[in-house]
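First chain written, first letter: the chains are A, B, C and D, and each begins at residue 1.
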Amino acid sequence: MAIEGRSDAKQGGRIRLGMVGGGQGAFIGAVHRLAARMDDQYEFVAGALSSSPERSRASGAELGLAPDRIYTDYREMAKAEANRKDGIEAVAIVTPNNIHVPAAKAFIEAGIHVICDKPLALSLKEAKSLETLLKKKNVVFALTHNYSGYPMIRQAREMVAKGELGQIRLVQAEYPQDWLTEDIEKSGQKQAAWRTDPKQSGGGAIGDIGTHAYQLACFVSGLTLDELAADMTSFVKGRKVDDNVNVMLRFKNGARGMLWASQVAPGNENGLRLRVYGTKGGLDWTQADPNYLWFTPFGQEKRLITRGGAGSGATAGRVTRVPPGHPEGYLEGFANIYTEAARAIIARRAGKKPDKDVNFPGIEDGVAGMAFIEGCKKSSARNGKWTKV
Amino acid sequence: MAIEGRSDAKQGGRIRLGMVGGGQGAFIGAVHRLAARMDDQYEFVAGALSSSPERSRASGAELGLAPDRIYTDYREMAKAEANRKDGIEAVAIVTPNNIHVPAAKAFIEAGIHVICDKPLALSLKEAKSLETLLKKKNVVFALTHNYSGYPMIRQAREMVAKGELGQIRLVQAEYPQDWLTEDIEKSGQKQAAWRTDPKQSGGGAIGDIGTHAYQLACFVSGLTLDELAADMTSFVKGRKVDDNVNVMLRFKNGARGMLWASQVAPGNENGLRLRVYGTKGGLDWTQADPNYLWFTPFGQEKRLITRGGAGSGATAGRVTRVPPGHPEGYLEGFANIYTEAARAIIARRAGKKPDKDVNFPGIEDGVAGMAFIEGCKKSSARNGKWTKV
Amino acid sequence: MAIEGRSDAKQGGRIRLGMVGGGQGAFIGAVHRLAARMDDQYEFVAGALSSSPERSRASGAELGLAPDRIYTDYREMAKAEANRKDGIEAVAIVTPNNIHVPAAKAFIEAGIHVICDKPLALSLKEAKSLETLLKKKNVVFALTHNYSGYPMIRQAREMVAKGELGQIRLVQAEYPQDWLTEDIEKSGQKQAAWRTDPKQSGGGAIGDIGTHAYQLACFVSGLTLDELAADMTSFVKGRKVDDNVNVMLRFKNGARGMLWASQVAPGNENGLRLRVYGTKGGLDWTQADPNYLWFTPFGQEKRLITRGGAGSGATAGRVTRVPPGHPEGYLEGFANIYTEAARAIIARRAGKKPDKDVNFPGIEDGVAGMAFIEGCKKSSARNGKWTKV
Amino acid sequence: MAIEGRSDAKQGGRIRLGMVGGGQGAFIGAVHRLAARMDDQYEFVAGALSSSPERSRASGAELGLAPDRIYTDYREMAKAEANRKDGIEAVAIVTPNNIHVPAAKAFIEAGIHVICDKPLALSLKEAKSLETLLKKKNVVFALTHNYSGYPMIRQAREMVAKGELGQIRLVQAEYPQDWLTEDIEKSGQKQAAWRTDPKQSGGGAIGDIGTHAYQLACFVSGLTLDELAADMTSFVKGRKVDDNVNVMLRFKNGARGMLWASQVAPGNENGLRLRVYGTKGGLDWTQADPNYLWFTPFGQEKRLITRGGAGSGATAGRVTRVPPGHPEGYLEGFANIYTEAARAIIARRAGKKPDKDVNFPGIEDGVAGMAFIEGCKKSSARNGKWTKV
């Protein structure tokens, strides 16, 4: 277990962190704050937690922010914090999707590192404009594709990279949920409301969970998608975005795959699962039981690799906190993204490159995710025609 | 448990059964014989177990057949048995696929009931020619889509039919295997050899296991397929048939689905799984653990329905032999097809219709399966174009 | 898969089998008949299926017995069958426990092989009297501790015997059920009625399921029990036998263990589970999923050995019918006892010893089981004092 | 999800926390710090992290403590902190067991709240002396029986308390591990070394994990133990403490149970499992998959209650951070103990009683645990004689 040397060690003090979005009633803001806190690498000191001044103030007070560091506008916040001596070094952007890029740009321009929720943008074009800006600015940009922070996912990626599966032939990714089986967006459920409003979300299941499955598939398999054929559906009457997405995948190395994302599959809470098969073996992982990784070397017994247990290597070990058999979960995986980003930020403080093992999703993942979303939309609009991404 | 009143009760003596194919070294012939024997409804008395006279004789002797009822040619057998007073009433056809229809026709013409392995034929046209013949002849025709014999599959079908899932929106079917990950057909493995020879099998994974997944999906969901988009692949170098099939499905009621059949997915033995989701609930079943059916009424806890246990109804009960917690398996499910067919045959003896609860796959399933195979081939050849079936 | 060469091969015709008990309404009689039929080694030709003449006749007719071979008294049956040229060679005794030994003796005296249900007797003394008789008579005696017929249990036994677990330290056995949680014996449920009547059963959970767990623990571990400390309870008001048994075990090699048998544990159908741990590894098996055997070599990943799959050896292979991933169940395991006994009977026909690999529970298991029951009763009566068996 | 209103809300600033033990190389100290940090209720400001001045200094520096608040002696620390205006309000004691009580007393005497690791003491007498002191002092005392912090364990407790299981009859608790299968204490493994040294630990498996299983069994079932019969073993040659403990339990209401704790069971990482059965239903929970609680109302289907999902109530909800399907783990459960203790401490600040829902293990659990350990030792020494606790 590497918890001591890693998570508690502070080089030069905690990173001063701000947040955009995440006021009272939000779900993901609290998750980000907790993830930031887990390994004691960040100190939360400023926020534009809501565009409503009243809610922003109340939320900030509840979270212990100093009154002069509670903002209602992220532009104002970026400017003010950049001018403070003790201003934030990094900002977490946890708003609906339509604010991601504008907010990120404001902070990047101010030289502040960004940790941004996903999907990155409303369009591929918008994503690319951010990419262009980032090339000019020396800031760290992390995208919270949090599932790639799970230790057993890192283990899987390492095994594929080392060739333990041989040449990859098949990638099966799925992320079924059931919470949008009925039209709860009409009843005022806040999470459902913005996620099913195309102006705020840019899309439905495809962006909210499909991009997670896609990012994970690429992260673990190491493959690059060539083309896809998609069938997007909106099952719930009156819903303005897709709530089920079926996709067939063709990767550049000739591998094939399927991806399923659904929000209308009763009995599935957050059923993210990834299976990868090659000429020499197969892997199977599911988010609900993230401490297990099933590995079958072809022709041998299936093996259960456990986080921190036998068969689990150094790559998983460095993002592991507790011994095998003591489960880690969603928050720990999420925190790994924060802590990896912290390592990069701390290296920047010293003008250094981060350690080569540091690994967190960034702008490329964001751009790739938007290309995937647009590819799916385009293919689906053309009745499932194979579409290059 | 209904084992007594059902399986042991013989009305008018056991059904005299013959077999075509299934000589020494075959796998599925032995399964058919065991399935026929399980509920004591059949007596195995004649066979053309191999086209090699020597192997046919040796196999028949080993199985206790009378020498004069061991044949090498199914046509000869059909004729000879039809002329005996104690001739067979039914025949099991367990040859490679290319012999299914010719053999079936020979026995049907002779007025002998047929229990035939799947897939039915080499082509849809051939399948339909059999269908035409059957319309003229008063014989029972059963196709051993054995997975539809599992009690929990019948339970699932009944729950869907009763509306417990509401309107069906999604059907996810998969059947991954790994036994053809390498080119064992070249090493003389008999099962692999004929299954990868298009002249004998008519296709690869699509026919061998894809049709099983498809039949099961339709059997449980009660839906009719409208169109499909398929991506068939042959991963193993030199292989002449598909070994991986990805399919997207659109059903006539608007439901969507995905189907995956693979023989190159290491770690999967016979990973048949079916998930069905509707507006009111979801079902999940997997062949490796066939005594369990997961049911989630939307908004409630997931429930584990067990074969013979609470929540398991009469439809499953009539194909159940032992109490809950005592697992039944593949052979019991297979035997249910035989026993259901026996009920139809026994009814015919008496000139009656079988009881309305009798349920086994027949010629329609065979024709539908061939239409599915041809649809997949056509779609795949047209680069995944949506294709009506 | 060895199904062909094994199960269908008949040397000298099927074994003529009779049955005592197992008339209409009985559960286990039908299981025995099905198990006998599975591999086509037996032909069921005679029975004293009930002590009620009417029920015996009706049951026999339904099962296709010739009228002159339907008996109401097992003594009469033993005599009559012994005098027939085509008389039975073996008899299955499937009565309540109090009839086991008297019936077995009648047939053994007549030179007829016996396959008897468990527990063997009402007392250790009665069991030993049968053992004494068997020493004088050249008949085969099989006791249907059917769980020892499961292929993965044989695999486990072989692995222990080969030293793959090192020296055995711990044996944890449990068999929880829930069907007697309420006093259904008072409502006329037939199975519950005789099983909770000490005159017919000799005891409750201890005999009905405790002996199964105990036999399995010894069969797999290869250990001999030295002493035990038991705490037997009857939770349901008015129940005359134990319905929960907690036992601590000390084996002769110094290993320790626990055994739990319960019929009042809601949520458990037939939750038989066995875990064995040694200096070099551990095994875990559960009856509800009998095709899996978990094996952890100490310090390595847990492995899933599947019936017929990689890691599964010849010992399991010879009692296996279908390929891995196609589940076998309770009836197949039960049938393995019948088929193994058939091999011994067939060897006797030829005046030979059975093949050394033939393995089925016999009189020693029956005597050991009764010693275990009496040890538990004695210890429990002495408030859990450690008691030698 | 109640994460916002609960975890981030700080009333009167974070609680100033110190630590005794937990320097570099320790495992549990880091876990405590992380648990304290998770909901942002504590600020870690002082420590006597090691009795070695050098190690204490290095550890404190790494963790960001001010130099004047790094101590090497807990007595000195208690005194110094009590005299500071900004001194610690609470201390976490994470030393080997022999230091627990002396250290706790030093801080309690100084009026500082204590969060102490388990088992509480080296003897029941020592534990009771602490209990006596606590009665006189107005400080909060929490014992980190962390497993009782898991939301699904709280759910289980609530269901039992509400009578959903009826009258409890059976409690089966087990905690198998495998890490002491070999004598790693001789190789200098630090965790193993002090845990197998009776002077530092007071016992082996019984204290380290047996008390966890026992506390959990009582916490959920609501029962009080009457007497026990134990069989303690030390399997590894030269080991000075028990490494396997078999116990039979009798509760005051007549319920029975078994408890197994082992450190020599290969294949078990931290296999804590609890099953509780009553007249109306049964519950099953396992630590490796802590977000699931299996509930079977007698005569109905088994149900899977998930943390935050349908069927999961308010008691679990208030210690839940993320939505169902996003797993929480060991650290979240551990943190719940810290956060519940924080609520009690914050209430004390205001001179109030904590909210009635606040629930964390305290001195009674510690005394009960020591009574259990001593009962087991006494019973085992008397060859398993039933012993009152």
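Keep in mind that, in the parts below, a residue touches a chain if its C-beta (ideal position, glycine included) is under 8 Å from a C-beta of that chain, and two chains touch if they have at least 3 such contacts.
All values reported here derive from a predicted model rather than from experimental measurement.
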On the document's contact criterion, could you list the chains that touch chain C and likewise touch chain D?
A, B
Between chain B and chain C, what is the gap in Å from one C-alpha centre to the other?
34
Counting in whole Å, what is the centre-to-centre distance of chain B and chain D, each centre being its mean C-alpha position?
55
Distance from chain B to chain A - Cα centre to Cα centre, in angstrom:
44
Among all residues of chain B, those touching at least two other chains are 268, 295, 302, 306, 309
Among line, ring, star, complete and other, the chain contact graph is complete
What part of chain D is in contact with chain A in the complex they form?
1, 3-5, 7-10, 13, 24-27, 30-31, 33-34, 37-40, 62-64, 177, 268-271, 287-291, 306, 309, 321-332
Could you pull out which chain A residues touch chain B in their complex?
165, 169-170, 172, 178, 181-182, 229, 231, 233, 235, 244, 246, 248, 250, 256-258, 260, 262, 264-268, 275, 277-284, 294-298, 302, 383-386
Chain D partner, complex, touching residues on chain B are 295, 299-306, 309-311
